[in-house]
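Please read through the structure below; I'll follow up with questions.
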Amino acid sequence: MAGGGQGRVAVIGASGYGGLQTIRLLQDHPSLTVTFLGGERSAGRRWSSICSFLPLPEDPVVQSADAERIAAAADYAVLSLPNGLACQLAPELLQRGVRVVDLSADFRYRSLEQWSQVYAQEANRLSREDSELCQQAVYGLPEWHGPAIAEARLVAAPGCFPTASLLPLLPFLKQGLIDTDGIVIDAKTGTSGGGRVPKEAMLLAEASESIAPYGVIGHRHTSEIEQMAREVAGQDVRLQFTPHLVPMVRGLLSTVYARLRDPGLTAEDCTTVLEAVYRHHPCVSVLPVGTYPATKWARHTNRALVSVQVDTRTGQMILMSAIDNLIKGQAGQGVQCLNLMHGLPPETGLPLQSFYP
Amino acid sequence: MAGGGQGRVAVIGASGYGGLQTIRLLQDHPSLTVTFLGGERSAGRRWSSICSFLPLPEDPVVQSADAERIAAAADYAVLSLPNGLACQLAPELLQRGVRVVDLSADFRYRSLEQWSQVYAQEANRLSREDSELCQQAVYGLPEWHGPAIAEARLVAAPGCFPTASLLPLLPFLKQGLIDTDGIVIDAKTGTSGGGRVPKEAMLLAEASESIAPYGVIGHRHTSEIEQMAREVAGQDVRLQFTPHLVPMVRGLLSTVYARLRDPGLTAEDCTTVLEAVYRHHPCVSVLPVGTYPATKWARHTNRALVSVQVDTRTGQMILMSAIDNLIKGQAGQGVQCLNLMHGLPPETGLPLQSFYP
Amino acid sequence: MAGGGQGRVAVIGASGYGGLQTIRLLQDHPSLTVTFLGGERSAGRRWSSICSFLPLPEDPVVQSADAERIAAAADYAVLSLPNGLACQLAPELLQRGVRVVDLSADFRYRSLEQWSQVYAQEANRLSREDSELCQQAVYGLPEWHGPAIAEARLVAAPGCFPTASLLPLLPFLKQGLIDTDGIVIDAKTGTSGGGRVPKEAMLLAEASESIAPYGVIGHRHTSEIEQMAREVAGQDVRLQFTPHLVPMVRGLLSTVYARLRDPGLTAEDCTTVLEAVYRHHPCVSVLPVGTYPATKWARHTNRALVSVQVDTRTGQMILMSAIDNLIKGQAGQGVQCLNLMHGLPPETGLPLQSFYP
Amino acid sequence: MAGGGQGRVAVIGASGYGGLQTIRLLQDHPSLTVTFLGGERSAGRRWSSICSFLPLPEDPVVQSADAERIAAAADYAVLSLPNGLACQLAPELLQRGVRVVDLSADFRYRSLEQWSQVYAQEANRLSREDSELCQQAVYGLPEWHGPAIAEARLVAAPGCFPTASLLPLLPFLKQGLIDTDGIVIDAKTGTSGGGRVPKEAMLLAEASESIAPYGVIGHRHTSEIEQMAREVAGQDVRLQFTPHLVPMVRGLLSTVYARLRDPGLTAEDCTTVLEAVYRHHPCVSVLPVGTYPATKWARHTNRALVSVQVDTRTGQMILMSAIDNLIKGQAGQGVQCLNLMHGLPPETGLPLQSFYP
């Protein structure tokens, strides 16, 4: 579809954080309009009874996610569902000509086998046979797969940790400037990444005034990061990824440690590498040497703030990257993909400046 | 001094966080009593007018830090002053027979030259000539220097980051189980580490709802950690230390990445290494494999919680360590040193269990 | 029972916040020891597998709450259960000679009818016939019912809001210094008051960075406050109670507005009224005129901080009261009652000074 | 000036929170452009060196606030300065034809005498003689003074507490539905209201995990609220105003208690009163009965959310009102006034929907 017309968007999983953010972002969008709200638990209810704080025009009723009805109402569908559900709904939508952006992990792996290893348990040992669809799906990191996304029928929006980690890392992997071994990613996320379904660990009483690691050595975003890193590096990349839970609502910081192959490279050199890649990508800002990103600067925006420092004493490069985990790390990136699919500049309608403080 | 008698303690810098914590901790102590409160800004004022929320018996008046008067009132002095002041006061106290625990960085380096490189700018280019005293001072990490602390006239309590980082790391360095090169320490601290003097970056409005790195590649605790690591490893250790500011009041987490020399070692093996060292040290708790420390578990206690995980895929060991930055990371460790100096078990009178949540 | 011997305490509902606090508080107690841990969901599990951060001697197994076994193991039982359960267990314990402190609302009303009106829906329309027991139960506000608590077989520990609101208010009602009509209580609580069972509204992502009223006009603590106010005032008291949820873990502030009958009374006069009542009660501190309580000053303590101000312009008295909702507002007050029942000074073993900041 | 052309705006006090918010809001504005940045401490510096996180086109240099230069560059000036400074700069700007919106308290009182009583001490006993100007200044509450603001040369934007308190209260005062005596306003604010200049009480370490009242009986916003209340009620209004500091960055909640003159009025009736007044004011949303506002719903927006409940038992009406203290409570309201002055709909370019959570 050309960028001229209005795009009609269905949001499935409307009352979770991913759905909610997508709806909110599209309220400010000049060319994409939400025309269908889907949800299971909230099906049949007026939107205002679910989210009184976000009034929508004509106060729509949330509907169950029936492919036929979605196809009648929308050109695009954003699926914001628990892992293992999108892979059931997406084929039916694609058949009916609806182009899909999936915010879950269902289509992030080229290989269905790998998905099964990592996610099958969570997805109730779901047996999938959509191997071909997995191969067709485009990994929705717009700064790296822009043209493919623009043409895609099915886009798998990346996870929040992969987004923040890959953006600063990929330029160096692509140019072969760092060892592909021994990379350490120490990541920190706000609690909204855990979703809206209540869990003890995400209670304010539990999570506030504390920081803790979790998913040490086994976090599933490890393989997602490595898959994309391998694709860009042209060789296997093995890395150590450790997420930490931070007492804040939103924001995600990734601190990446890698060894420079050329010990003569300076922070200025490395900043130039980043700038060369991202100069024409308004959703990524490269900070000047010595300025380190705070997640607050990226909050409520679709902007990633990246910075690089070099320690000549140790030969390490330190990459730092801050995003809003629910926007550039999820729903905003989904809209960025929709923009490309709809023939628009990727940043169309997306907030790029935070309200500080 | 034998443990029989009551020890009299002067707290200098009483209204800052370090002084305040020391006073609070000693309120619960069976054998040490605060007998002198010193401070510059608050000299001449009744304690209740400074800290109404912490009533002290007989509501003492804060006094200026005169060595003669301190010596008349106290056997021990805890100095909680900005860097560059303790090195002026300590000699006068030592001359008068007062044993000193300094919470600042003034005596943490064996070499005065190194101190000058790292701290002289902050300490207004202070010119020091107390090189001998620096060599005599004992680095007050009680689990590693217990006997020396017990005999010491002058103890330099370690910094908060070094405490949290060294406790899990030293056993592996001592036994030569890890590469001394390529160690990465990614540390996270609450804002109380910045002290009580108002700074914009530490305002709730600025620091809340955000996480950010700071002092990347140049933080001064790097050299303090390396000094102690070298002493224990018997060889130079170069490491990458990156602190982050976390939106919480207190708590400090250190995540340490190191490469195991023997790829066959398991998390269980490494846990055994930690347990063997800390079994008889009640202020360090080794967590079972798979349990990762939250800073909240250590909050308001003098306990360090350490845990280790091994990634056989990458050959990395991940050490995690949580402390309360103002207690085990500062004032509590100072009291732990006082206990040893006074002939008491190190944990005497110190809180070891948090109030959760 | 005389204060001489060790008291054995069963804690039922061990892994909720009320149970957890009770256990933690008793770890520091000189004369009361936890000898039985009861819980439904966690029955059969080792304590360390539930709360690894709070190691208990010999790592006991949590047991189901069987009255016979409790009676064999304990002299006292602290019940920290959802409303509607204590009233089923308590009679069986009392029959077997176990003295009970109930932290729920089951025995807070003298009149079973009133309880039914307020709580029956929540307690699944439970039909109770223990009217007599309700009348025997003592309302466990130790500063006002000390002698009755000391003799009681069954104590109903007050709710957190009633505790914070009644402590400053009762002296003025007792002396008839304020209008019994038109009292406004605007209260603010941390989220731990909502308990440990996950609820969407208590997620950090939802509750953080926000304040909101709830339970406006209909909150059930209204009637509990009025009951006790009437008893002390000797006449009906009607008040407006509005709680608010504050983005913090613990702490509860009650701001009470009442009209002075004598417009000539000053803040100093009113402070004297409070001091006269609480002078010999170490768990209540009256602040000097012009000092207003912060909940942080009371955090992790069993101390209530109260303050009073008078506006001669409007004739209003403003009472302010800060407590830790889980200690003086729940478990600590329960232990304070146990102390009295065991013949000890009420503050025995209870923390009275916070760790600031 | 008609709404057709672009309006040029000078922001004086650019790096404080008020200035920063104004600049940020105007980035999204279709018809108003920032053309001058003024500041004292930051004069001569490039904007990017002050606020790297908010990149501005062409990275302007901050300039000292010279009236001549401001007049050359701008049609409007937003003054975001400490109290006592705007009254010195404003006359010079007005003389030169620059229309002024002042965010400070300097022109909020019709009577200079009253201002002097309340603010002179803070403003260093400044002696003012601009009594006439005070009388001309329009109190910038757009929902109540829209036409006057549209014509005004000098607008005094209301304080944050008055804005949140007056919006729900004025309709009832105007219609004479409540007693003008005995009104209680219990207000709660985030710490950004304290500004960006560092103060101990606003440190995260101090303010976090705590709530406390301040300015009890003497807060200066009392008289500001009463002035406007009297104007609308047509008679004196005396009220009790008590602010509280809440551990969050932004957000302000006002809970107002007033006695209904007609005890037969219901919450539905009172909601209708609010709706009738605010139906055509998009920056005020009246919530349905039983829905109470959370400040998070208003965060980063220029929207006030108001709700009313009635307690027939006590005869009290409870009004609740949530705003973002830096937007509808400060800079956003200033822009709303600018919109009216520039002939635009008041909500032009202003965010009305929050990013939840």
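We just call them A, B, C and D in the order they show up, numbering each chain from 1.
Throughout what follows, a residue touches a chain if its C-beta (ideal position, glycine included) is under 8 Å from a C-beta of that chain, and two chains touch if they have at least 3 such contacts.
Everything numeric here is computed off the predicted structure, so don't read it as measured data.
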| item | value |
| --- | --- |
| Most distant chain from chain D, judged by the mean position of its C-alpha atoms | B |
| C-D compared against B-C, more contacting pairs | C-D |
| Centroid spacing, where centroids are CA-atom means, of chain C and chain D in whole angstrom | 39 |
| Centre-of-Cα separation between chain D and chain B, whole angstrom | 45 |
| Interchain centroid distance [CA atoms averaged], chain B/chain C, Å | 37 |
| Residues within chain C bordering two or more other chains | 17, 190, 192, 196, 205-206, 208-209, 247-250, 294, 296-297, 357 |
| Residues on chain A engaged by chain B in the complex (per definition of touch) | 182, 184, 186, 188, 190, 205-206, 208-214, 216-217, 238-240, 242, 244, 246-251, 253, 255, 257, 259, 292-297, 299, 309-311, 313-314, 316, 318, 320, 322, 357 |
| Parts of chain A lying in touch with chain D, wherever the complex brings them together | 17, 20-21, 24, 27, 51-55, 192, 196, 208-209, 249-250, 285, 287-288, 291, 294, 296-297, 300, 305, 327, 353-357 |
| Residue ranges of chain B in contact with chain D within the complex | 17, 190-192, 194, 196-200, 202-209, 247-250 |
